[in-house]
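Input: one structure, supplied below.
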Amino acid sequence: MTTIRRIGVLTGGGDCPGLNAVIRAVTKTAMHQYKLEVLGIEDGYLGLIQNRMRLLQWNDVSNILTLGGTILGTSNQANPQCFAIERSGKTEWVDVTDRVVDHVRANELDAVVCIGGDGTMTGAANLIKNGINCIGVPKTIDNDLEGCERTFGFDTAVHTAVECFDKIHTTAMSHHRVMVVEVMGRNAGWLALHSGVASGADVILIPEIPYDLDVIAAVLYERSKKGKRFSILCVSEGAKPKGGDVVVQRRVETSPDPIRLGGIANKLVADIEERTKLDARATVLGHIQRGGSPTPADRVLATQFGYHALEILMKGAHGQLVVQQAGRLAEVPIESVAGKQRKVPPDDPLVSTARAVGTCFGD
Amino acid sequence: MTTIRRIGVLTGGGDCPGLNAVIRAVTKTAMHQYKLEVLGIEDGYLGLIQNRMRLLQWNDVSNILTLGGTILGTSNQANPQCFAIERSGKTEWVDVTDRVVDHVRANELDAVVCIGGDGTMTGAANLIKNGINCIGVPKTIDNDLEGCERTFGFDTAVHTAVECFDKIHTTAMSHHRVMVVEVMGRNAGWLALHSGVASGADVILIPEIPYDLDVIAAVLYERSKKGKRFSILCVSEGAKPKGGDVVVQRRVETSPDPIRLGGIANKLVADIEERTKLDARATVLGHIQRGGSPTPADRVLATQFGYHALEILMKGAHGQLVVQQAGRLAEVPIESVAGKQRKVPPDDPLVSTARAVGTCFGD
Amino acid sequence: MTTIRRIGVLTGGGDCPGLNAVIRAVTKTAMHQYKLEVLGIEDGYLGLIQNRMRLLQWNDVSNILTLGGTILGTSNQANPQCFAIERSGKTEWVDVTDRVVDHVRANELDAVVCIGGDGTMTGAANLIKNGINCIGVPKTIDNDLEGCERTFGFDTAVHTAVECFDKIHTTAMSHHRVMVVEVMGRNAGWLALHSGVASGADVILIPEIPYDLDVIAAVLYERSKKGKRFSILCVSEGAKPKGGDVVVQRRVETSPDPIRLGGIANKLVADIEERTKLDARATVLGHIQRGGSPTPADRVLATQFGYHALEILMKGAHGQLVVQQAGRLAEVPIESVAGKQRKVPPDDPLVSTARAVGTCFGD
Amino acid sequence: MTTIRRIGVLTGGGDCPGLNAVIRAVTKTAMHQYKLEVLGIEDGYLGLIQNRMRLLQWNDVSNILTLGGTILGTSNQANPQCFAIERSGKTEWVDVTDRVVDHVRANELDAVVCIGGDGTMTGAANLIKNGINCIGVPKTIDNDLEGCERTFGFDTAVHTAVECFDKIHTTAMSHHRVMVVEVMGRNAGWLALHSGVASGADVILIPEIPYDLDVIAAVLYERSKKGKRFSILCVSEGAKPKGGDVVVQRRVETSPDPIRLGGIANKLVADIEERTKLDARATVLGHIQRGGSPTPADRVLATQFGYHALEILMKGAHGQLVVQQAGRLAEVPIESVAGKQRKVPPDDPLVSTARAVGTCFGD
């Protein structure tokens, strides 16, 4: 077992509230509890590839707990094995793992704490195979990591979404309208499920439960008959009709946040207006769900994740990912979960709860 | 001068935070200070046409100060002169002014307080011509009423927009991105101007100052060169390029909130990416700007507007609209302002202020 | 096993965000899923004693998910065994359990869902002994129920406290001051612990870890020497010095929220100013921590608790209390936990986390 | 008229949201529009006395618009004429104006922008007499500057207070209680007036309208009789009974925020409970009203104030204070307003509005 004296820390992939809280906890625990040196690696794996990193001081990580974003920067460079270089006008993909390994050695890093999502963990798995000790801290605003019941950023995203729902609610009530609100979630419906339950949405549509437009139309019509002249639908961007396909009209493959020229929300509005003759409107929450200061719960969770990463590292862990299971922190091998998504089971207790209070899932 | 014993109150047009605060102030002032009876008319002019109104009690307007929406409901029926009826499968437009006048007389309303926007005031002007005393309270979330320097709902809309900008800011900083955020404002740029200044946007585009894409590209490039790897654009939905036209791809004419399948924000993102090769993203704030609990400033202003409407009514006013001028409440004849929009003058002090601190208006 | 056809629901004790969410979930699940009738009992046990209850309709519990407070009202009447009556100018305490049993029978209630804290559960245990089936839903903003890892209202209280800390932070930074902020928590320090970690407090004082003023003074002095000219202390109202006693100067015994004429925060400010000559200020958060709209997480949790209460009732449960354990809903006999408080263990993982990032607990 | 090439900027006195927005606007306008150099003076007049100032760069004032506090620091050193020095164990007050004048000359400052309250302006008036050009930007969270209808920070303070009132409202409703909430305002009641109107307080007590306890008791009793079982009082800390005196039990004279061991709120609670036998509770909002990120309206106003300070300076102004009058920016001589407080006139339109909707002022 190597003695740990110096570590690196990086953040990869899209924005997620709580990144700075993790960086702070990792750095402060390393410096205060274990007297280690911490190098902040800039812009995710890009900083490892280009050898851009700096020694972090206590003050660098003071007063960042509440800040959104990441003081280290991030990038879409998900894996040193696929580095894009421009050569005679064309993009070529090259493997720069060797370069990364050299930079880690040259900077005498005994381990690298990699905070990121799926792509970042795939990159970390590659580095581990090349002899670099990586400790992973999962980052997914969608809360969809296999083997982990809660990730930081999710509570903040739900909070932001529900604030919007609360605002839209009053408009819907006054105008007798069907409001279709699209939240994040390509493949997993956790954000829509929690936001929908927390805002009392009448209909929740998630990728895991394909919907039937007739069922939705019947619910809206029933509400209208009972004198409820408005309805609110909370819809995952990846929601899809039975037998149908996800509606994403333009997708920029290299980007985590495609510009969509009309996704599922607009399709649903058109379909509902045609079917029910009710007045319907779409709202796409978009980027605001990823930003802002983390909620207190996310600050606490992110701090715990950062602390736990250091704890297990100092106890000899190698290639492990921090997770939460049954309300407690734990760890699993990075390669065991990379690429595995946790989806909403159709019989999830929260789905049953929502159904019991009258929520329609379109099925 | 008629003795006032009984009045009606209605809200027309789109949602706007503060409507309930006005209803409450009108009703409580009428009941408490002047011992009048107040009838709440349902769903704007539709309630006058269909004779749906109810006597309001003190408790009906208690605890509604903080609520978004309107307890009276609203509708898009902007003017009793154009009432749509279905006849043998076709929509016909008929003038139902006589019916409205009958209902006002039958309910012994000595005056009607009409809270609404341009359309509502056009309807009120018609009723005034037919001998009904209407007192108008202006409602425009865009703050663009000629002869009135501030309307309720505007502060709340700015607040909601700025909260979103603050969230997007951290994402932009971490990701080195150009974020284009579209706020409301078809013809007047007040919301974009105030939101942009309050959030420190790098570029503000408003309908009154057509933009030159080359100027914007130069600013973004300049920032990028100085090491600022992100930029934020705050854009009115009605912003337009020099010599160009407003970009609204689908508009449903009868609706105040068209579903747009890609407005100015998406166009700008495409144009900027093409011109600068920078990574850009669009966010359209949409309906959330109209909803929610009014800010304290809007609650105060709406309460003052409602009180003033009663004050001038009891002093003998006829066909007047409540306005704010030079920091004080005043009134102007309804017909003198109906249909007149207050636009941002290119030399508005706030535009000069924004330019002085380095903001680009694209010109 | 009795067939359940009709149930009552009541809320007892102090305010707690999420009460309406539980009422809504209980009522909607009962009506929608099980076709039961639900009677809303007014003002906690007082309504049972005085036979004040009303049949709830679907609309009574619509749009209340987001509301703070309780639509049923509450009271400090914690137990029908101790009912205060005025007799010839003196207060006498009488046992009115019989009267309550009669009212439950007369209203044909097959079970009563009791939402409340310790006092309410003691009352419920008494009713259970008298043959009334009570299902308990725990309500403690302090999150200190034995055998339950999370109660609704706690996340909202932390959220409110942290918002205040975030505001106070900037003032402290600009003024070079020691800010002592007192949060709720007579006997258990959960709220201070979570609020302190989430706001990056320099010192956290909780009842479970008595403090040494010399240790605190040393930390403040050390920070001052390092150029950090401000410090923030997050203090439970029940924090106490080593060998000392809780500082609560005036306590009105029948009231859950005594007016304190200077509690621990003011004592600490005086002590710190005397010992360190630093400028210190106290803030007591007080009642605002109990009020307001529940956070999304609390809305979800409260909804789940309400649903689960009905689930177990319909499966034959008798005298059970809903709890959360290891991330899942479960139940325990009411009498097994009544009166037992869950305190912060000195080696709680969150305490260790806080220590690792440099937080002082005054020991 | 001196050519202006280099200016200083300082912030003095207590915290106030918007200080950084003014610093940013002053500095950016100076650098961007007028190509001046700006020195940031640390800790108010203390920095001038001790010659602590640094050249500000564009990046120093980037991303500070939304921050509470002041990046320059502040102090209670209100006037260079009264500087405390310790000599043989005793505090002596000396006049260090000469030293300040020397430091201003040595740093080649052609003018100093002084952002602060009454004390700061008295200090500025002294410097002006000694030949230093000071431009004042008023800072008073109480909005009580004579000749200025609105100051930055006030909207934020009202916002914070009203958020607390909204939370307390639900608790009061559920518990049938009289809630007495104390807001800032020693001598002027603007904050209580606006917060009270915006939160629908039943009773508003301000220093300008001494209250009669019998009148308040009658209102509370009347509400109770009508079935309203709760009432909310919004009280300035300087509110006082007719013929009585302000209740501030301990006051530290050198400090802007005395620790009070029970102010007017606690007195009122005791008096009301004794007189009406209703259950009453006190909440003192305290420091949180001064902190936090400024509201959008305050960011805009602070930016305008900072810009205007530079504008008038470059046009030759000397010893002027920026103010807002009739909705527009203007300026008045610093010495003409220093020490003059703007109080709430008993016939202020907002007082009349509040009375009309049924609010009691205790008179």
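Lettered A, B, C and D in written order, each chain numbered from 1.
The rule is simple: a residue touches a chain if its C-beta (ideal position, glycine included) is under 8 Å from a C-beta of that chain, and two chains touch if they have at least 3 such contacts.
Everything numeric in this text was worked out from a predicted model, so none of it was measured.
Novice: Determine the set of chains touching chain A that also touch chain D.
Specialist: B, C
Novice: Call it same or different for chain A and chain B: same when shared residue numbers make up over half of all numbers used at their interface.
Specialist: same
Novice: When the centre of a chain is set as the mean of its C-alpha atoms, what distance in Å lies between chain B and chain D?
Specialist: From the centre of chain B to the centre of chain D is 32 Å.
Novice: Between chain A and chain B, what is the separation of their C-alpha centroids in Å?
Specialist: One centre to the other, that is 35 Å.
Novice: With chain centres defined as C-alpha means, what is the inter-centre distance between chain B and chain C in Å?
Specialist: Roughly 42 Å, centre to centre.
Novice: For chain A, which residues are shared contacts with two or more other chains?
Specialist: Residues 166, 169, 173, 293.
Novice: How do the chains pair up in terms of touching? List each pair.
Specialist: Pairs of chains that touch one another: A-B, A-C, B-D, C-D.
Novice: Which bits of chain B are touching chain D when the two form their complex?
Specialist: 24-25, 28-29, 32-33, 62-63, 65-66, 149, 155, 158-159, 161-162, 166, 169, 173, 194-195, 197-200, 228, 293, 295-297, 299-300, 303-304, 307, 310, 326-329, 349-350, 352-353, 355-358
Novice: Along chain C, where are the residues that touch chain D in the complex?
Specialist: For this pair, the touching residues of chain C are 11, 14-15, 19, 67-70, 73-75, 160, 164, 166-171, 173-176, 179, 255, 257, 259, 261-262, 266, 269-270, 279, 281-284, 286-288, 290-293.
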